[in-house]
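Before anything else, here is the set of structures, which you'll find just below.
Shared between the two complexes below is subunit A, which has subunit B as its partner in the first and subunit C in the second.
On to the complex of A and B.
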């Protein structure tokens, strides 16, 4: 709870900073603030999680919540670092964008530490509304407006469905408290609308993580939004929603029955296959990463099949995927800037003009494809081996085939960088993007070499 | 000192080469690769004196992955093949100019690091990681520094990458499954695992897919010729000289002992496929006009025979296969270097554009001739030892295998000598052909000396690898 309060205070500070015209100081101060939040989260976690438990039964910070909150703060840190240069053309609105990112983080933290369904819904709404605003933040660009509108329309439907589900759960259990619901769901005979409620909530969450067949919004929204917003959606927002879905299912009914597992298997296979097959056909880099994100959602859904001991694997996968994503987007933003041509042709000859950036993008794509020493390999491997142990060998085989397909489009970008000649002259790259890219890919490789750094966090 | 020194030295060498800058890169790479050769020879000496040079450390607790590097005779033989060929390959490229040579030579050393790691790793996941890791440098070497039309090259290397990665991922599933049974990736634990017949065949097939693509055994060979042709000669040497042997070595080290019953059950099919590769490779080689492609198909024929030797599951078969792996590694590197020497002077790889070189270059001609004869397994060369032992083991299994496998010698002699004739003999070529420079000669002489020395005295290598092969056979036949 202290973490949440601190984050919100930081967000309010960002808003006030606009009044006092502190534009230049804003990012440094916010970064320091986020580092302080990071320290606070780690400290609370190391002392005793119980100290930070149950503020009027709304929030319980356990290992899972702390670990994911730490990851979210780290990702937000990277995103905020890139903001200063990215929003240079929006002199007046700048602090809003930083503030919104901080509030988004608050929503994300609330989503992984709730113990009450109303808090869960609040978290989702804070996160989603921030994203709607960010998606439409390029006010004069028709594509950005379209993205914001589409996302808002579809997203509010999903929120409505989640809310409806929560109402049904309340109707069945007469409580919003998840621990209470968990006990109830084990003992008595359940009213039929309890499982219906759960299914509605899950559908809403599948929409938020952009898993097939609820993925149709993702490519358009990713493509239309400003690149930094796309980065936020595809890394922070996606892993938040995935962690929340995992937490929701694990706190409400630990043993998912086999029929429901079948649904997860089908959704997982659909997401992996549709995401990868469609990504093969894309020429726009952001669209391609949107489809790749859909397929990664499919991979992460495998964690739901062995919910009692897959927490650390999901954390590892989320960290690996999000760090690679941040690194990739840092390079994409530095090449394409704010808008303009975002096709793969834009990356032609990057290996010659900017060897470091090309190497980082290559590394992050290799990580997403699951090639060893990058953490993406261990992420996939642990997920696969866990899934095999739960008896879903064929799902793993589908996953492997999809990994092979994914090489096809990840390497399209690599080929463009190393074999084609650069079209335009060498353009300058802001230092801060390079720093973010180097840091995030370094984290990615470090946890790839020492997976225990992450997997041991959740025992 | 233990075997990790070799790996560390190669890794440090890769970084140092990268930092050394474009001008010094090739020399730094040569120094480090020679240093690694020295270290591995001294380690070999320690191993022969009975010192334990293996290394076991912990890496990850969950899943349980150990940093286990086991150095027995077989592994050391393959590591020595790697560390001996790497300086030769690096040195052979001194006559070429590469853009961004610091990246190029760093990748070469990194590749040597990954391949040495593959040979040494005694933990399944660690082994898999090295196996996969070797793919990245060769991909970039072939892609960035390759020759020929860029679009075709891109297609060829992407196909290569997807093929090999695809095969390997099925091996990864097999490892994940084995881990769920054994609770460990360690080689010994996997050897001791009791699997049902059904499980064994699936695991055997998953491994087979990975290795059949890498070796390659037909019908999984389609990536090979194009990549050999398009890659720069250094890349081709790394691929054919060492990387193919990763697949063959893995058959002996991992596939056969982990799934011995399946290996016995499928033996006729496996040997049949391998020998089909021998005949197919030889016949296709007959028709090639491109020198590098011809060598690629000859390589397909030779590795087919080696694979057949491995799958006989006899001591003769395995030991002949290992001998032939080493001999083939050297001779194919020498032959590709010959192709490169011709290319440096005539800028062509098409055989019909050559001819009439012999009279201008007595030294080059004789060295080329010896390599050709070694390649067709003339008695007195190390290739003869390997090939003969493998054929003998095949005849023990079934006489027809030996008869069909033996066509490699007849057909091989035919296409290699025909190639030699077209390339070297005939009317004196109008274009001048300078005889080999001293640095080119050093590489060729080193290769020839190795092949002739062990051809006459193969005992040291046989003594080195046979104890390990006997242990593996004991596991297979338990």
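On to the complex of A and C.
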């Protein structure tokens, strides 16, 4: 709760800073503020590791919520650090963009710590509306407009479906409180509205995480949005939606029945396969990472099959994927700048002109592909072994085949960097992008070498 | 109020809301004018609001009506952002037909 209040206050500060013309101070103060929020969250958690504080049945701060909030604050910290240089051509709108990112974080934190469906709905809307604005934020660029429009239409369509699901759950249960709903769902005979409601909410959330039958908006939106917004969507927003779906299912019906698990298996296989096969033939880097994000959503959906004890695995996978994503996007932003040509050819010869950036991009792509010492490998390894234990060997076989396919398109980019000749002259890279890339890949490798750092957090 | 609900029956309210919701869904899927698509999304949200109020009366519980205020506020915020995006699309393309949004594919 304190985390949420602190984040919102920071967002309001960003808006006020614009009035008093404090643009130069904005990023340093916001970064310090986010570090303070990070410290606050960790401190509240470390006082009492089995923390489970409830605030008038709206928000519960427990281990799951604290761990994911910490990850979100860290990701936002990186994104805010990059925005200073990224938006330097739009000085008048700069503080608005930073404020929107902070409010987006507030929505994300509300989404993982809800205990009441109204808080869940408000959180998801705060996150989505902020992203609509950010996706369309390059006002004069038709591609950005189109991305914003498509994202808005699909997002609000999905919100309508989620809202209808919440309404049917309310109609069946007479309450929005998830603990109450959980107790009720075990006992008496339920009206047919309750399962329909759950299914509608899950469909809406699959839209938001861009899993397979509902993924068609993602590549267009990722390609058209400004690169920093794409970074936000593919790391922070995807991880948030996944954690929320996990929490939603784990708090509302503890034992999901086997038919529902079959649906999850099918969605997971479809996401992995479609994402990877479509990514093979992409030339635009952002579009390729969009399809790679779809396949990673498929991998993360495996955590829903062993819902009672996969929380820490989902956290680890989310951290590994998001940190690698931030590192990759920091390099992409520093190479392509604000828009323009984003094809693989742009990265030709990066290994000679900017060896450090090329090494970081290689490392992050290898982490996403699941090569050891990077955390992506251990994330997949733990998720697969958990899924085998719950008896879905076939799903794991498909997952392993998909990991192998994914190496194909990640290596296309790596080969372009190291084997082809650079076309243009050497261009200057802002220092801050390099710092962010180094930091996030360092975090990725650290949790890859010591997986227990993350997996022990959630018992 | 409750008396009327008993006479009509909660099922009929659900059927009405589902019908309105489906009208909204088909509007989003089949209409090509962006403003009409926005209106269809509003119909979807308002169908849900209607059902919230019906359930709230049915259960003699005020939480559902409070939720309607949240969803109305959220819908207003959403449409404000959507219309802003629509204006910038119109300035760049000179049209609000969503079939014209075809720059991104592959």
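As a working rule, the second predicted complex is superposed on the first by the 455 of 459 C-alpha atoms of A that agree within 3 Å, B and C clash if a C-alpha of one lies under 4 Å from a C-alpha of the other, contacts with A are read in each partner's own complex, and residues count from 1 in each chain.
Here is the rule we go by: a residue touches a chain if its C-beta (ideal position, glycine included) is under 8 Å from a C-beta of that chain, and two chains touch if they have at least 3 such contacts.
Keep in mind that what you see is a predicted model, and the values were worked out from it rather than measured.
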Joint occupancy of subunit A by subunit B and subunit C, clash or fit: fit
Which superposed partner A:396 touches (first subunit B, second subunit C, both, neither): first
First (subunit B), second (subunit C), both or neither touched by A:23: neither
First, second, both or neither for A:125, with subunit B first and subunit C second: second
Contacts of A:415 with subunit B and subunit C, given as first, second, both or neither: first
Chain touching more of subunit A, residue-wise (subunit B, subunit C): C
Touching partner for A:182 - first (subunit B), second (subunit C), both, neither: neither
Minimum distance between Cα atoms of subunit B and subunit C in the superposition (Å): 24
Residues of subunit A that touch subunit B when the two form their complex: 312, 351, 366, 371-373, 377, 381-382, 384-385, 388-389, 393, 396-397, 400, 403-404, 407-408, 411, 415, 418-419, 450-452, 455-456
Interface residues, subunit A side, partner subunit C - complex: 118, 121-122, 125, 129, 132-133, 136, 139-140, 142-143, 145-150, 152-153, 156-157, 159-160, 163-164, 166-168, 170-171, 174-176, 193, 219-220, 223-224, 282-284, 287
Subunit A-touching residues of subunit B, taken from the complex the two chains share: 60-63, 125, 128-129, 132-133, 135-136, 140, 143-144, 150, 153-154, 158, 161-162, 165-166, 169-170, 172-173, 176-177, 179-180
Residues of subunit C touching subunit A in the complex: 10, 14, 17, 21, 24-25, 28, 34, 37, 41, 44-45, 47-48, 51-52, 55, 58-59, 61, 63-64, 66-67, 70-71, 74, 77-78, 81-82, 84-86, 88-89, 92-93, 98, 101, 103-106
